[in-house]
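These notes open a run of structures that come right after.
Same chain, two partners: chain A is paired with chain B first, then with chain C.
Showing the complex of A and B:
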């Protein structure tokens, strides 16, 4: 199960994700997270407590990032674990969503 | 503090200093004199220091009277002397002869005659623990001195147990017994003669112990269910072996694969290929005119049925099935009947038997000889066999043949289509020539499949890598299959796969009626449903494997499919389009402003001026371009070469994806790709 915690400080919105970014998190991301991020300008997705991903989860992530980029919102993904980065690289996720989005 | 080495000007002084520091009474210690100097120097000058070793005794010396220091010293000196005499009785003789500053090893003992100013040194290897005065030495080389006590420790006997293991390899066809016999290693110090530097090393006696019994092996074989093809001789050898080794102790039976169905031709099929130039540069057009013929009732070919294979047996006594041999699919066409696996002609004419993959098509083509020109008076010629035209093909006429077309004179502003070859003796002007159109399609598809198949294999590797990676949650694959993962892969990593697959599917859909073998369409369907449309079909890795296998097989079947029968040979051409799935030979003066596509090799003996030519298996041209810099493009595939005797400025060479334009005149060039994918010239 994926859970999230939002913290706002000035213009920055930190979203701490906790759990697995997988097929079961579709609803949470699309129905809850996306509407809440609509008016944020600087979004930091913290992956510190994300341990597993699957392709649906990554699909969601790509969709989310592209959506936010289209609206000229700044999005950064921070604290991604080594194992997950490996999966991202295999699928060339950084190339898809933009090299600078994932902060290493 | 149980032990203390004390030094002083005299033995007495050394002892009393030591006792003071150890806070003990002399009754409570054992005293050992390590060094003393009786004579001494003048007024104590040059006198050596006295060294004593004080060891705390465990029990108090209650029985004896307290001794005076003098007595202790005397006793100690006496004892030390006696010890030395006892211990080194055998060595005594040598001892005195030994030079100062040497050490040696004898009988597992280290002896040192070394009191300075020269000290002997010793180095020792890792398996030895060297103690100096009870302290373990970390250094590998040390100074030896008689004042110190040394202790050398090592394992006198090392036992290595036997190791053995039975593993099944080769898909259950072989059981390998790996044996590494046990060892008992007896170690002792290597004898070293007296020297100022000694190496302390171990000498080993190795005794091999192989206590493996056939019972052990049979028990293990039972455990692993190995029952078939056991080699008792190898087991005996393994039990007796004194060395490390591998033994094949069970050998299964490999399945014998059957023979695929085969086509045996009984008649000559091919016409003499093309026109050839003799030494004088003349072309004998008559020579190419031999065409094979059969009468009614001739046996054209025998179709041999497949021979089934023999199943094998694994060492676990499980049957290994043989590969199913493939049967030929025969499509008897016009004038051919299939009886008892024999193809028999029911009409006279030219036999045409074609095998592609597992499909055999056979027909008899009769030949149409048109005496005169093809024009409005004769009408267009459409014939399922060969067509020979003794005159010209005039403006706006069409000639279509199921076999070869042979034109004795010129062809102008007309359209010639042959399933096999086209030969024109005269000039070809403003015309459209196509030979073997259908084959070309298959070759193109095969080309695409070869690319797709390689990519698909890479994709499978990545999918496996991903699903094994720690952070990847494989739960999704169980419920939704690989579909979401494939979508992601196609997003970026395999973007080109998607484009190529789309191209393939488009061609297959457009040319549906021209494709006879259903496999091509099947691959098209699979590509579409798995990669192009977002269906909810659950895709498994094994499905991908099957698809890759099918693609590989199909792609391979086209590799050798440049039909020698589908060629175009003409003497000269101007402003024409020539399309052949096989070779194209232009043997006369040249090829002006024409577009030529050869599925095989392209050869232009004369001049190539303007236009665009392509030879998939290489291009050879006599002279290309013009002094005026007319743009002429020559292309071939990446692994082929372009050979030009003389090339003018304005010529463009394209090999694979690489393009190179000539800015000056070049002669005798052979262009090909180097390792970096750049076009290089060899002169």
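Showing the complex of A and C:
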């Protein structure tokens, strides 16, 4: 199960995600998180406490990033665990969402 | 509001539930029939595959196709998401694969044609498909493969060694417009087991939240290497069942097994 906490500092909005990013996160991300991020200009998704991302979670993440980028919002994904980074690389996620979005 | 010939909302709702249940069952039947089409019978190899959806219907896909040039095309894929939405896209993927394969292009070109055909729809729907396409040539004893963001197969030889495959790049279908795909060819030898799979296998979880993982899969394949393809399929399913021990399956599980035999 995924949970999140939002912290704002100046123009920055830090979103600390906690749990698994998978199919069960769909409603939370699309119905709660996306509307709350609508007026944020600099968004940092902190993956420090994300232990598992499955293919549905990847899809959610790509959708979220593309939506924010379409609205010209700055989005960065930080503190991604090594094993999740490996899966991101296998799926060439950085090439899809932008090489600079995932901060290594 | 509900139609007048229903006395109450509950009555209408109950009727709708029955209709929905019937239609989901029919959709499952369609999907199972399409996935369980007859497997090609080849003298120099055994081939088998199974897909176990996490819900009533799923988004995983596998298929075989005998090419006019005698090669056997194998495809395995995973539509992001689960249930009915993923199943709809799985059927779309199957249709595009089948029509692309008619052109007899190589695996890498087939993936390119498929991405070109599906990109706009997938982008609009916010969905993606990972796919591995491989041609087994029984005459030349080779396997040529290309991947759209999908795991490469595991190859275990007659001495139970896990043969490392040359890695290739290729973005998932729906990931980038006009993407191109790399391909590689390996030689196959008698008693090699080639195991194609979707991530539902290595991400199967037990009650402690531990994953089945690649290492456990490789160990199991080494253990059952001398079994026939169908027996390996059953043994791996049993290993996953034992590991998860009743925990609800979260993702679709699909495997295709090719075993090279002496013809």
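Here, the second predicted complex is superposed on the first by the 104 of 104 C-alpha atoms of A that agree within 3 Å, B and C clash if a C-alpha of one lies under 4 Å from a C-alpha of the other, contacts with A are read in each partner's own complex, and residues count from 1 in each chain.
The rule we apply is simple: a contact is a pair of C-beta atoms (placed from the backbone, for glycine too) under 8 Å apart; a residue touches a chain by one contact, two chains touch by 3 or more.
These numbers come from a predicted model, not from an experiment.
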item: Chain A as common anchor, with chain B and chain C clashing or fitting; value: clash
item: Partner chain in contact with A:22 - chain B first, chain C second, else both or neither; value: both
item: Chain touching more of chain A, residue-wise (chain B, chain C); value: B
item: First, second, both or neither for A:95, with chain B first and chain C second; value: both
item: Which superposed partner A:63 touches (first chain B, second chain C, both, neither); value: second
item: Which of chain B and chain C A:49 touches, first, second, both or neither; value: neither
item: 1-9, 19-27, 127-135 or 235-243: stretch of chain C that collides with chain B; value: 127-135
item: Doubly contacted residues of chain A, that is, touched by chain B and again by chain C; value: 22-23, 52, 54-56, 58-59, 62, 90-92, 95-96
item: Chain C-touching residues of chain A, taken from the complex the two chains share; value: 22-23, 52, 54-56, 58-59, 62-63, 66, 90-92, 95-96
item: Residues of chain B touching chain A in the complex; value: 462, 465-466, 469-477, 479-480, 484-485, 487-489, 491-493
item: Chain A to chain B touching residues, read off their complex; value: 20, 22-23, 51-59, 62, 81, 83-84, 86-87, 90-93, 95-96
item: Chain A-facing residues of chain C, complex; value: 78, 80-82, 126-128, 130, 149, 151, 169-172, 175-176, 199, 203, 211, 250-251
